[in-house]
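Take this structure first; my questions come after.
In this document, chain identifiers A, B, C and D correspond to the written order of the chains, with residue numbering beginning at 1 in each.
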Amino acid sequence: MKKFLNSTDSLIAESVAGLVRAHPDLVTASFEPTFVSRKTPATAKVGLISGGGSGHEPLHCGFIGRGMLDAACVGQVFTSPTPDQMIAAAEAVDTGKGILFIVKNYAGDSINFQMASEMLEIENKMVMVDDDVAVESSTFSVGRRGVAGTTIVEKIVGAAAEEGRDLTECKAIADHVNKHCASMGVALTSCIVPAAGRPTFDIAEDEIEMGVGIHGEPGRRREKFKAADAIVSDLLEAILADLKPTRGAEVLLHVNGFGATPLIELYLLFNSAAKILDARGLHIERSLVGNYTTALEMAGASLTLCVLDAEMKRLWDAPVHTAALRWGI
Amino acid sequence: MKTDFVLQCILALQQAIETHQADIESLDREIGDGDHLINIRRGCTVVVAMIEDLRPLPPHEAFTRIGKKLLSSIGGASGPLIASFFLAMGDSLRASEQETITATNFSPAFSAGVEAICLRGKASLGEKTMLDVLIPVAKTFAGLAGQADTPAICHALRAEALKGMLSTKDMLATKGRAAFLGERAIGHIDPGAKSCQVAITAICDTVEQAIGASTTTAVA
Amino acid sequence: MKKFLNSTDSLIAESVAGLVRAHPDLVTASFEPTFVSRKTPATAKVGLISGGGSGHEPLHCGFIGRGMLDAACVGQVFTSPTPDQMIAAAEAVDTGKGILFIVKNYAGDSINFQMASEMLEIENKMVMVDDDVAVESSTFSVGRRGVAGTTIVEKIVGAAAEEGRDLTECKAIADHVNKHCASMGVALTSCIVPAAGRPTFDIAEDEIEMGVGIHGEPGRRREKFKAADAIVSDLLEAILADLKPTRGAEVLLHVNGFGATPLIELYLLFNSAAKILDARGLHIERSLVGNYTTALEMAGASLTLCVLDAEMKRLWDAPVHTAALRWGI
Amino acid sequence: MKTDFVLQCILALQQAIETHQADIESLDREIGDGDHLINIRRGCTVVVAMIEDLRPLPPHEAFTRIGKKLLSSIGGASGPLIASFFLAMGDSLRASEQETITATNFSPAFSAGVEAICLRGKASLGEKTMLDVLIPVAKTFAGLAGQADTPAICHALRAEALKGMLSTKDMLATKGRAAFLGERAIGHIDPGAKSCQVAITAICDTVEQAIGASTTTAVA
């Protein structure tokens, strides 16, 4: 394993410190318990707090700032943060309008945020993001995983909170966006958890993992490597089967790189997907291409489709100023 | 057994986790996300660092402190579950107002801890988690506490833990990260079940050794 | 080699098509000869045209738009584009105020842009970016390579052109920025040219290539892998020896990922570098962290330091709206 | 030799590049950026695709067309240089107003082509580039054209190309991408020198074979 590190123990703290040094106008960090929050706290709005294991950067710390999150709790690599972090973050950003926790649906995140929610003496709600259609959920009570749709949820509810919507409304909007997002990813190579020091999974030079998770978890099936068009077609088929958008619907297409796949390929995937969506009579009204929900240095990508309505479009377009997403400001 | 001995058990547990590190790690790489060993290790490290602070405390207080500390240091799915286990044990022992742990008062505390995991994780037997070790162990312990002698209890719990751990191999997971894998999780032992089995075995071994070394009733 | 591809021959065209589909409001593409230009051409300003081999995305097409480039010529992977592309792009974006070609200093780019410049019947000038201090230039007439400093040159001269500076001024500003930029990179793994299908260089699990080029060219030396702080210290030492900034100087620190290095590590590098710059009494006034000048899927990163003056700072801060860099709009 | 035969040479050249593909490719991976083979291949492909359009044209016109096409299709450092070579050859032959190429009119054309590369690339002998093959070959050709018979010329040029190519091995590069490597380029043959040597050898072979097959003066 070759990674830019001084020690695996100090990785998170050093990386968070770097984030703050690089964006001192945007974010500030608190340690013990560790969370990152806006440099200039909002004065009267629902506080949006997300978080999760590290290794998915820029998610979530890269989305802190005007029009998006108020704070993010930083866990160890691929390990949910702990309730004390969430409570400290909530106390730091609360303006009296309550806290919405945005949580990706994993046992760890769900249990820790749930405990924080119970222990917190501030009014709070939680939205569980579960956009990953790789996991056919019906038989399992745990539902689906939360993946790249999280960015879209955080952007749209971020704009809503900035507009002054109340906690109940924010929760409803976030749930609405989540319901209209579906994602699926594919891995070409594995990621390496720094403290483990070796690949999470083995994969041959001619294999791909269809439906991989953003922690390198196995997906639907192991397959032979094939052309980009064929891969995209499989991913979109699963996504469309889940979302069932009507012909003529407006969509946001998000091509998300997992870390080691170059942008030249991500745009190629966008092109493949666009051709299929054209043929289905769907209109790509908004797009997002890049590494937003990563899995360390895994090569691969996910596609996320989000069916838009006028309100979602408006909120998506609203100004945002964070380290990783910025427009209108 | 007093806090001093609890701490001795924790050191033994840490040692045992290191001995089985490769197994534990590869299980979570196979059907998880590869961090379970690291998480458990982090838990052991923070508790071991507290040892001198814990030593003068009564066991219930020690368990509570351990639980609180683990809650804010492990993270992941296993962290809050294990933390809840210690917190509930602390509460249970506090209620019984004993300075010394015996099989008789420790069995209900252990059961309370396991119950706390079930509640917190909304899980039960047969879902391919650490509970497939902990629930049968708690049950057997409850049946034997006050009935059998300490070596017999240790022997039974170790066997139960092993059986429970192995039982997860052919299960479909319905809780935790492996639940997302469907059929693909079958054939792999649950990492949390493995680390619990390793821990229980280490504690039973330590208790047995202590009995061998001294026959004071303080141990059992 | 596993890459998202349909065929190596169509990679560039498909990727460019994807870029245009993803950013239809920003850019448009012409084929045969291939170049990408602003969707809404500027009406009266110096035309800024860059380009080079593909594989460095988002450089240069990701920098087309208000406040930055007018067009970019797209070559094959790691291969300079051809004069006909540059001429067509110049003719498309010319508003009568002349064309400034922004060229990275490589034989191929230099020869092709030079030919275009000679053949073009529009007034034009050229700036050669050569910020890579890995190559000790003194003995070689070819000078140094152009690497991640290109982004900074393009941003700052982009703002100047947008303000209405004339061709001579734009050329002077671009040269000025280039002179105040110095970069050096390090590779942990190799890249794979798609048509070649295998790694450009072999590197052991415990080795790094110090001073690597953005095409995977060898650098100063092959070394044993070491801690991030030690790597950063070496890179900065070379950069500072070249730039010789005075104590108290204001700088822009750009940590650039080559493709496969996750953001968590790039921020850690930023933190390492910031500590050293602090100790040297340099003030990090601006920063840029991310994958901007990539080398396909190479793992590694480069550091670029740019010594700022008030004018450069003002132009850096000016609004920009491109696929990869955006603020103020 | 007429355009028809020029095209035959080009096909032979393409074939020879494929035969030596592994060598050419790995040389540019070692001291370049790994695309030289692909660039040369792309050049061959576009020229071969033009063959039927070129066949009816006089040689100078064919060379000019090839040069223009290559200028807009290869790219990189080698593209405009090779294109300039063909364009200059076309100009030179056009000036001599000959429908048929002979050693006597082709040698100055070849020299003009090489001169164009020197000017365009601002390079000369001993800088570890394709010119270390082309300059000596042009010189030898000029010395022998009209003096020696065709097989002797072919023999000499092939030897010169080989010598020039091998000479780049121990050179420090001062032009092209390898110039950035300093001492590290020593010990590696220049990829452009290699591909030029392969091309010249293939053309010489083709000319010799044609002479063997027929003794018409159209060949030489």
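Annotations
Convention: contacts are C-beta pairs under 8 Å (C-beta built on N, C-alpha and C of every residue); 3 or more make two chains touch, one makes a residue touch a chain.
These numbers were taken from a predicted model, which means no experiment stands behind them.
The most distant chain from chain C, with centres taken as the mean of CA atoms, is B.
With centres taken as mean Cα positions, chain C sits 55 Å from chain B.
Chain A and chain C have CA centres that are 28 Å apart. Averaged C-alpha coordinates give centres for chain B and chain D that are 76 Å from one another. Residue positions of chain B in touch with at least two other chains are not found.
Residues of chain A in contact with two or more other chains: none.
Taken together, the touching pairs link the chains end to end in a line with two free ends. Every pair of chains that touch is listed here: A-B, A-C, C-D.
By the touch criterion stated above, chain C contacts chain A in their complex at residues 1-7, 11-12, 14-19, 21-23, 54-55, 57-58, 62, 77, 188-189, 205-206, 208, 225, 227-229, 231, 253, 255, 259-272, 274, 284, 287, 289, 291, 294, 296-297, 299, 301, 323, 326-329. Residues 33, 53, 75-85, 106-108, 111-112, 115, 134-136, 139-142, 144-145, 193, 195-196, 200-201, 213, 215-218 of chain C touch chain D in their complex. Touching chain C in their complex are the following residues of chain D: 25, 29-35, 37-39, 42, 71-81, 120-122, 173-177, 179-182, 184.
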